[in-house]
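Look for subunit A in each of the two complexes below; its partner is subunit B in the first and subunit C in the second.
Now for the complex of A and B:
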């Protein structure tokens, strides 16, 4: 009697897996955008690399991260740029605007999970396209270093998966907020700015002033960029990967519960104009 | 002469109409402006944090870098809001609507330039100005008329230069039809580059932004003169003072290339 139960569970997951696969194949079509993105990211990485080199040449004080570590951190950020929760899901936005979101409710799927899967695909597909060439070019020519040890590399990989989960839970929250704001103009501008500044994309978080560190430790943004990158360069030893992962999973669960609650409230007051 | 005056009058009429249209959505305008102000201002927060930790950048202080930052951002904001018509130009080529522009008895440059005036860019302008004023308050510059004029000319030069880049970007679509985002690297990337003194970059990178895309003319060279320092890279005082003309020349060249592009235009027919 055990196997049918497992089979039943597998069947429950199947639609979400196929959504993931289908969205993935759609998104992998955008190769021209990936080429343009590659050029931009490479240029950006070069500028930032020279800026940091300049700053490190101007001081003799000990810093929380060494210059090669910072340069590797910068290139990781450029390579995995597409993975961050930058944008609202344009199709969900259009659906909410046009009222077509009503069809979403008719689907025999859990709405939160369905939107979450869309989000996962939207993050992973472009990242796969863009990151590999950048890893190669930056690794050969521009000072992107390999992790100091195998364990650091594995810890980074695990934490990157964790950061993806947190990021999508956060993105989904942004999507759900559209049920209230409809256009999402304010959110689509302000939130990415916040993420950019506080996740480590603007500059490696350890370089922020010391008083800011305590605040940064209490918000989920560092789980999206900073912690995995520091594991990669070995600034956080690989043995602490467990606590990083635990923190990421905790934030994912918190954001997911909040998202589900918000979605339920949003749907209970949703009015779709007929027509 | 009368023709030019008439063209200018028409241009401002275009801008007025566009402005009124945008002010119909006042809340949206306000939110976008604040959003842009925050999004661009965050960059300066990063610069500030780095100076707080490292003290100086190859001998440059925070107020000096803030001066670079303010000039380039103000110039870019002006170019972006006035040059929006060129920014969205590829859509006209794609849809074939450029045919209609060609039929009207006015220059294409005037019509495209007047298509849209983007108020939202005030966000970038506001934060650029704020940083610029902060820098001027903290720098001990001996002001005279010539220096003040040079500062204005430098901001103008940056605006001309970025406008020229937008024109070039639009011109490319005559050949490619598609929007090419690769030039964003030079516009946004140029802004990013210009926020720091040129001396911190590698030689090939410096040469590119001096002789190919002359951002140094609209920023690094004249700022040296404003600060009253000899250029560590060896440019003469004469070069420092005449550099802002480079931005203007760049725009003139871009407009000539645009004219070549228009002659090359073949309608998509849709």
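Now for the complex of A and C:
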């Protein structure tokens, strides 16, 4: 019999890169979604900007972030909104509902890595499409500022990659939970609220009270939004980028470890119904 | 040594149950009741390389459960299974490199991508070297006549077209064993024939072992030299289709078209199965009267325009068999 053929160097990653590319191409087809997303993000960005402007105008106490910093933070959030792990992978959800997930198991692939790649593609493709126009419009018209220094900009970029890794490890957990819940309706209502509130998408985390800060430091959500954005505006100095990255990688590893454990449990009890 | 060895495979499922109606739903919140369903109850068989086996049985008999265990998707409660020297569910990744699977009611193609891109993706997923891929792909495209479909997104294909593409997709990595779970379900006659012809060639010319589950007895009649019948999780019979047929009934049917409408046809050695206007269907046992003798007796009494002899349809045999096994 023919033994499994492993073709050349880098073959181990070939399937994962290939699916990444394919998902990318599919997601880039959805231009209408990108336009709609852009409009929505712009609208909410303006509202949030007005709220913070009003808030800063009515207080005389010193705040942990200046108004221009907060406005920049808000626009970054609107531009990179699609990167946040707030939704389930529609394809995995459909497969689990229909039973086509059986095909996922007849692939000679590590299922966790395979689904992680799906998450990466699902986050990166729409973000690339939507963020650039928003960066331009907000930068020219609505007070999105450039980072105070090159080093802040570079630190932000590195931390954004880190936030992508944490975010995908988290969304993969959501996908794996579908093996139990099947529909994921509860998850897809509960998780966005949690993620938006605790990551800094709703309110920049430095504006939270002190007791909340202590809790937020021990959960992974600030690694997805708050820390990279504060690096961008210079509220966290660029020299601290190393510790931010270390924290992001640590969370990624913890979430991945947990995800693998959960997936193994889910698969051993998995019953693909019907013929 | 056989290519596939299955020994004493067992699998039970827990099915949550509740009483009907609102009150039943409320009770179900407090205390769940579970019913144990035995899907496989000690299944054993061997398959040699290059066999084409029909695996049949009524709905819920355990066909799909067996296929899923053999494909490594499902972990059985107990029993052994050896496919090409591996236990499927223990060594899943290496195992699936050697098998192809088609679940007739689902597609493994990417809904939004053109067919050819799905093939390219599968090439990468199975790590097929590019040179070998080009050969396999072109051959599959020619055999299944896929050329006009290649640039169409999968969601726009008809069921028959999709099934042809799905078959090709399952064979991109040239597996030694192919599992087909109801591959002709819902297809029209032309598509069914095309798919049967392809499966036959694959088996004869490539020596690919094929395990076919189906409810379509024409599939079985056209393709399978061996038929395994499963019911309630147990193997009820294992042999050729002819063996299965004779184990149920030896009867034959004589179908007569009369010249005159509504003329009575009677013979002590035959019984009337059906009668509509000119056509009479008689069943008889060839052991008690030879076909030639019965024909001469009837033509002596009735004006006959045409007649022919056939075996009772395989569906009737199956219904008989399923009924006898109280499935």
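The rule is short, and it goes like this: the second predicted complex is superposed on the first by the 266 of 275 C-alpha atoms of A that agree within 3 Å, B and C clash if a C-alpha of one lies under 4 Å from a C-alpha of the other, contacts with A are read in each partner's own complex, and residues count from 1 in each chain.
The criterion applied here is as follows: contacts are C-beta pairs under 8 Å (C-beta built on N, C-alpha and C of every residue); 3 or more make two chains touch, one makes a residue touch a chain.
Bear in mind the structure is a predicted one, so any value in this text is a computation, not a measurement.
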item	value
Partner chain in contact with A:22 - subunit B first, subunit C second, else both or neither	second
Subunit B versus subunit C as contact partner of A:99, first or second or both or neither	second
Partner chain(s) touched by A:268 [first = subunit B, second = subunit C, both, neither]	second
Which of subunit B and subunit C A:246 touches, first, second, both or neither	neither
Which superposed partner A:146 touches (first subunit B, second subunit C, both, neither)	neither
First, second, both or neither for A:14, with subunit B first and subunit C second	second
First (subunit B), second (subunit C), both or neither touched by A:109	second
Subunit B contact footprint on subunit A (complex, rising order)	32-33, 36, 39-40, 43-44, 46-47, 50-51, 53-59, 63, 183, 185-186, 189-190, 192-193, 196-197, 202-203, 207-209, 212
Subunit A residues within the subunit C interface of the complex	1-2, 4-8, 11, 14-15, 17-19, 22, 25-26, 29, 98-100, 102-103, 105-110, 268, 270-272, 274-275
Subunit A-facing residues of subunit C, complex	13, 59, 63-64, 68, 71-75, 84, 92-94, 96-99, 101, 103-108, 110, 112-113, 117, 120-121, 124-130, 132, 174, 176, 181-182, 213
Subunit B residues within the subunit A interface of the complex	28, 31-32, 34-36, 38-39, 42-43, 45-46, 49-50, 52-59, 178, 180-182, 184-185, 189, 192-193, 196, 200-202, 205
